[in-house]
Amino acid sequence: MSQAPGPEASGSQPVMFDTTSRLVAIVIGVVAVVAGLVLGINNPFLNRSVATEGSAIDQLFGLTLGIATVVFVIVQGFLLYSIVRFGRQPDDDTDGPPIRGNHKLEIFWTVIPALTIFFVGFMSYQVLADIEQPQDDALVVEVKGFQFAWQFYYPEQDVTSTEMHIPVDRQVHMKMRSNDVIHSFWVPEMRIKKDVMPDRVTEAFITGTETGTYPIVCTELCGAGHAVMRSQIIIQSDADFKAWIASQQTTASQAAGAAADPMAAGRQLFNSSGCNACHALADAGAVGALGPELDGYSAVAGTRVPGQSAEQYTLEAVVKPNAFIVEGFPANLMPQDYGLRISEQDLDKLVTYLLGMK
Amino acid sequence: MVDTARRGFVRHGARTWRDYFTFNTDHKVIGIQYMVMAFVFFIIGGILAMLIRAELAAPGMQFVGGKAYNQLFTIHGTLMIFFWIIPAFIGLANYVVPLQLGQEDMAFPRLNALSFWLVVPGAILMLTAFAVGGAESGWTAYPPLSLTTHTGQTLWAISLQFIGFSSIFGGLNFLVTIFNMRARGMSLSRVPLMAWAMVATSIIIVMGTPVLSGALFLLIFSRILGTNFFSSTAGGDPLMWQNLFWFYSHPAVYIMVLPGFGMISEVLPAFSRKPIFGYKLIAVSSLAIGIFGFLVWAHHMFTSGMDPLLRIPFMITSMIIAVPTGVKIFSWLATIWGGKLRFTTSLMFALAFISMFVIGGLSGVFLASVPIDIHVQDTYFVVAHLHYVLFGGSVVALYSGIYYWFPKITGRMLNERLGQVHFWLNLIGFNLTFLPQHTLGLDGMPRRVADYDPAFTGLNLVSSIGAMLLAFSTLPFLINVVVSLRRGALAGPNPWRAFGLEWTTSSPPPIHNFPTPPVVDGDPYGYGERPVPVAS
Amino acid sequence: MSENQPVAENESVASHPANVPTDKLHKRHPNYLLVFLSLAVLTAVEVGITYVPQIPQAPVLLALSVFKALLVIMYFMHLRYDSKWFAFIFFIPFVLVIPMLIVLRIG
Amino acid sequence: MSEAVTHIDPTNTSTGLDSRKLGMWIFLVTEVMLFSSLIGAFLQMKGRSPADANQVLNVPVTAVNTFILIVSSTTVVLALQAIMNGDRRRLKLFLAATLALGATFLGVQIYEYSMLLHEGFTPSGSLFGGGFYTVTGFHGFHVFIGLLWCAGLLVEALKERFSPSNYMRIEIFGLYWHYVDVVWIILFTIIYLI
């Protein structure tokens, strides 16, 4: 075996591409940098934050982005420069200078990044301590997550809702708990996210700074309906918030007063158990689309399974949803533990409600 | 390849293609078995990725519903991590490392074969899990969700056990091989950096994988026997899974990228004709990553219900790990600085690796900062970050290594023209796919969703187009491999005029690698100092 | 890495200092029966302690069992007499196990 | 290991350490990590269970069983010493004793399981039960593997395969068996006593 006749035969191949590749690399590098800068300046990475905590995070993000940009430019700059400057001449078969290291340089690029990183860490710690500072006058909201909907309970006001209303400029202290699997509560515009666990209460703090309506998103995979597990947060003036609370309290007291009214009780259950998240039902104001629409359901309930009465079928459809699947809808999508979650009396009320609508 | 030794059902060496389907103890055969199998799974995983991007090209659910989509990305992630990147690196290292050490095989050849053949039942089970359905709680399989899904989830977990055992035996084998079996004169400070990277990788495998195995056993028992480890209704602890899972799976990120670091450290000196800059620091930083990598896992749980105070130490460790990584990057830049760069496809992939990995590394610092992580955790920002690390890092490095060692493995050169086409399509497609995802995440798009806010349509469409380009870029590579295997120019023992013992034997090497045991008188980076060693 | 260098760095030794048979290590060995008796007695003591509620149970029992485990590791597994490398390898994982157990506990 | 297919000599190594022994110690590292994760899970379950959850367990019987395992560890180390001194008769004797003691341990554990199950203490019944059966089950499985291994070595010893210059495989089995003993020493304390 001689040293390398083959190599040089083929070695001429890469040489051919030296110049072209370099040109292509330079052109693409320049285009990418310009495009990146234009895009970055015209379209800032983060949209506007509407929470004090979010603004603090944004500042930290900006700082980190600045440092990252410097590192990025240094590394890519050296890389591009080397590509431009140190390409070998086509007929040059000699080696480069045998430099094996430089202790001062190596210490320099170990220590400087370490100091930078400690600085970022320190700033992060400060921001973290800042955004998780509970305040005395905070409004407490108990957040409940289940497959695939959110529910918000205001313990001081005794109000339950499927949308989150909060007053502007007042800290909100959220106590969160899941009914089934892990969810995660996120308001992108407020930058705050926290997992909602089934075995413990987790806490998060948000303070809205601008009125408006913003999406609440579930960010922890929670099953087939994960993508549609959404709600909204409505930041409103203190007066508007109070008015909303009052209106909810009236509705609630009506519902309570009409406990004898099975329809009102059923409607309440329909919404508080999360049925509204997936099933549309005009009477309950529900518009969910994951499961079959329930308007006009009472007319067909008795016909679905031969030999089952409408009551039997409805009960089974709630507690054993896979027993009969309406055509066009997937099996296993609906949680199968409603039989455990809803008491027997409440199940009766729910069945009565669903069949009671004409 | 001349003689094929045979003993019982055990074979050593390959004479025909059939030998690649046997329980073969030759590390070269096993390396090829690993790589080919891994590439098949790369293609399957890639097809799943195309389905995902097709679904996401426009808002709303077009092709698949929520369940099917969940299954798609679960299997995509699992295949890419456990059946592509990890085995592909192990395969290439299996081929190269014993050659670099001047040995005729790994320390335990039969254990080596067992490692490979354990992947096969694992793969069959994983595909069955996909067919049966139910593995749809992500590759992270967080309970309680993973306790409620169907049979496929159990098969998924059992499949990963096979992969885990395969990994453990492989890691053990590499450690013993590199420490105990070095050529005459090869002191630890002359061990190639690829081998050092495999030491660090194997340390992680050996100490991390058993914990994943333990966690998977708990999950399997919970699903089959009804134990209540993670069940919240019975008082179990869902967070325990996350701790155990990430105790392995964060270090696993380094399992997937350290061998790449090693390959880059071999490729850069060879094509810039300079010794590696800061050999010792590169080797030490690999080991530092290997150990420190174990103390950062909870940064995946900053928004979970874990104790808030615990986040601080984990934030600090997670940030510190950027330092040894940075040291490597700077050392590589210093290696090419002042060199005589020869722009082969292998070198271009290596340079692209540095460029892309820096982006992934920097976005990692954002994720390590608790307040920023609170915003971006579980969003497309994380998806972008992990693909910059695992594709822009691992896969690009792997391509670099393949272009570098293909002549050694097959005896023939890959076509450079097709290589360049592959490189540029790959690089452009990759960035088009994943760069926009940073913005998507920051603006409010969560990960693992089949449907999204119509406001995100534009960037998603760009990403989907990029993904198609990226998929297409694999085609010139495949054509190149198939054509070059038959018609490529003959490579000869050392086509790159590189140092390293693997280049002192013929291409492909004979069955026992070296006619006479090689002797080493320096490290494998003597560019500009010594004449290139000649094949004996 | 540097720990190994005395062996490795030196050219002539680096190649194969190997053929030193490992059984040289076993020429020195402890009195196995004494180790066994200690283990047996300590086990009895452990069970005895559980009947004396005045003694703080968890810390004392844990200390005793760790001591017993170390007896087996050091003497039966010869770690005390064998290459320091084995001791180094075997005790590394405990550095990681302890933070893992603590974090699991805190949750 | 694979003499017929390669020429790799596990005793002639760069570090001077026998490859098989080095491999075994690294394997024990993986075992430490596996059992640590399981013990961690067990402790977590125990922490979430009532303080008297382990009252159902039979401490005296298990104490005797612990003693049996310690004896078996001693017989292994005596077997190793015997063959190093060239005493093949004692090697066979002590290997056989190890096998018998290990089998007794496993038998008692199976008896314990059946009693507990009979009393309604099941893996799915309580958090503690799940942790208990998982950890002790894994340990029992390791004992079982050790028994198979020991039986294999005993067969070879009967064929006089070992000698004062060829005992590494006895030593490696010993490492495994002692490790299994170490795990039990820890388990006995944290499961039964605390």
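Structural remarks
Chains: A, B, C and D, in written order; residue numbering restarts at 1 for each.
In the analysis below, contacts are C-beta pairs under 8 Å (C-beta built on N, C-alpha and C of every residue); 3 or more make two chains touch, one makes a residue touch a chain.
Please read all numbers here as calculations on a predicted model, not as lab measurements.
The greatest centre-to-centre distance from chain C, using averaged C-alpha positions, is reached by A.
The interface holding more C-beta pairs in contact, when B-D is weighed against A-B, is A-B. Chain centres here are Cα means. That of chain B falls 35 Å from that of chain D. Here the CA centre of chain A is 48 Å from the CA centre of chain C. Centre-to-centre spacing of chain A and chain B amounts to 28 Å, using the average Cα coordinate of each chain. Taking each chain's centre as the average of its CA atoms, chain C and chain D sit 16 Å apart. Residue positions of chain C touching 2 or more other chains, listed in rising order: 4, 8, 14-16, 92-93, 96, 100, 104. Looking at chain A, one finds that none of its residues touch two or more other chains.
Within chain D, the positions touching two or more other chains are listed as 13-15, 17, 22, 26, 29, 33, 36-37, 40-41, 44. This structure has the following touching chain pairs: A-B, B-C, B-D, C-D.
In the complex of the two chains, the chain C residues touching chain B come out as 1, 4-5, 8-11, 14-16, 92-93, 96, 99-100, 103-104, 106-107.
Of all the residues in chain C, the ones that touch chain D in their complex are 4, 7-8, 14-23, 26, 29, 32-33, 35-36, 39-40, 43-44, 46-47, 49-50, 57-58, 61-62, 64-66, 68-69, 72-73, 76-77, 83, 85-86, 89-90, 92-94, 96-97, 100-101, 104-105.
The touching residues of chain A, counted against chain B in their complex, run 1-7, 9-11, 13-18, 20-22, 24-25, 28, 32, 43, 45-47, 54, 56-57, 60-61, 64-65, 68, 71-72, 75-76, 78-79, 82-83, 86-88, 92, 94-102, 105-106, 109-110, 113-114, 117-118, 120-121, 124-125, 127-128, 131-132, 180-182, 184, 186, 188-189, 191-195, 197-200, 202, 215, 217-228, 290, 330, 332-333, 336.
Remark: chain D residues 1-2, 4-8, 10, 13-15, 17, 19, 22-23, 26-27, 29-31, 33-38, 40-41, 44-45, 48, 123-124, 126-127, 129-131, 133-134, 138 touch chain B in the complex. Interface of chain B with chain C (complex): residues 184-189, 207, 211, 237, 239-240, 243-244, 247, 283-284, 287, 294-295, 298, 305-307, 310, 519.
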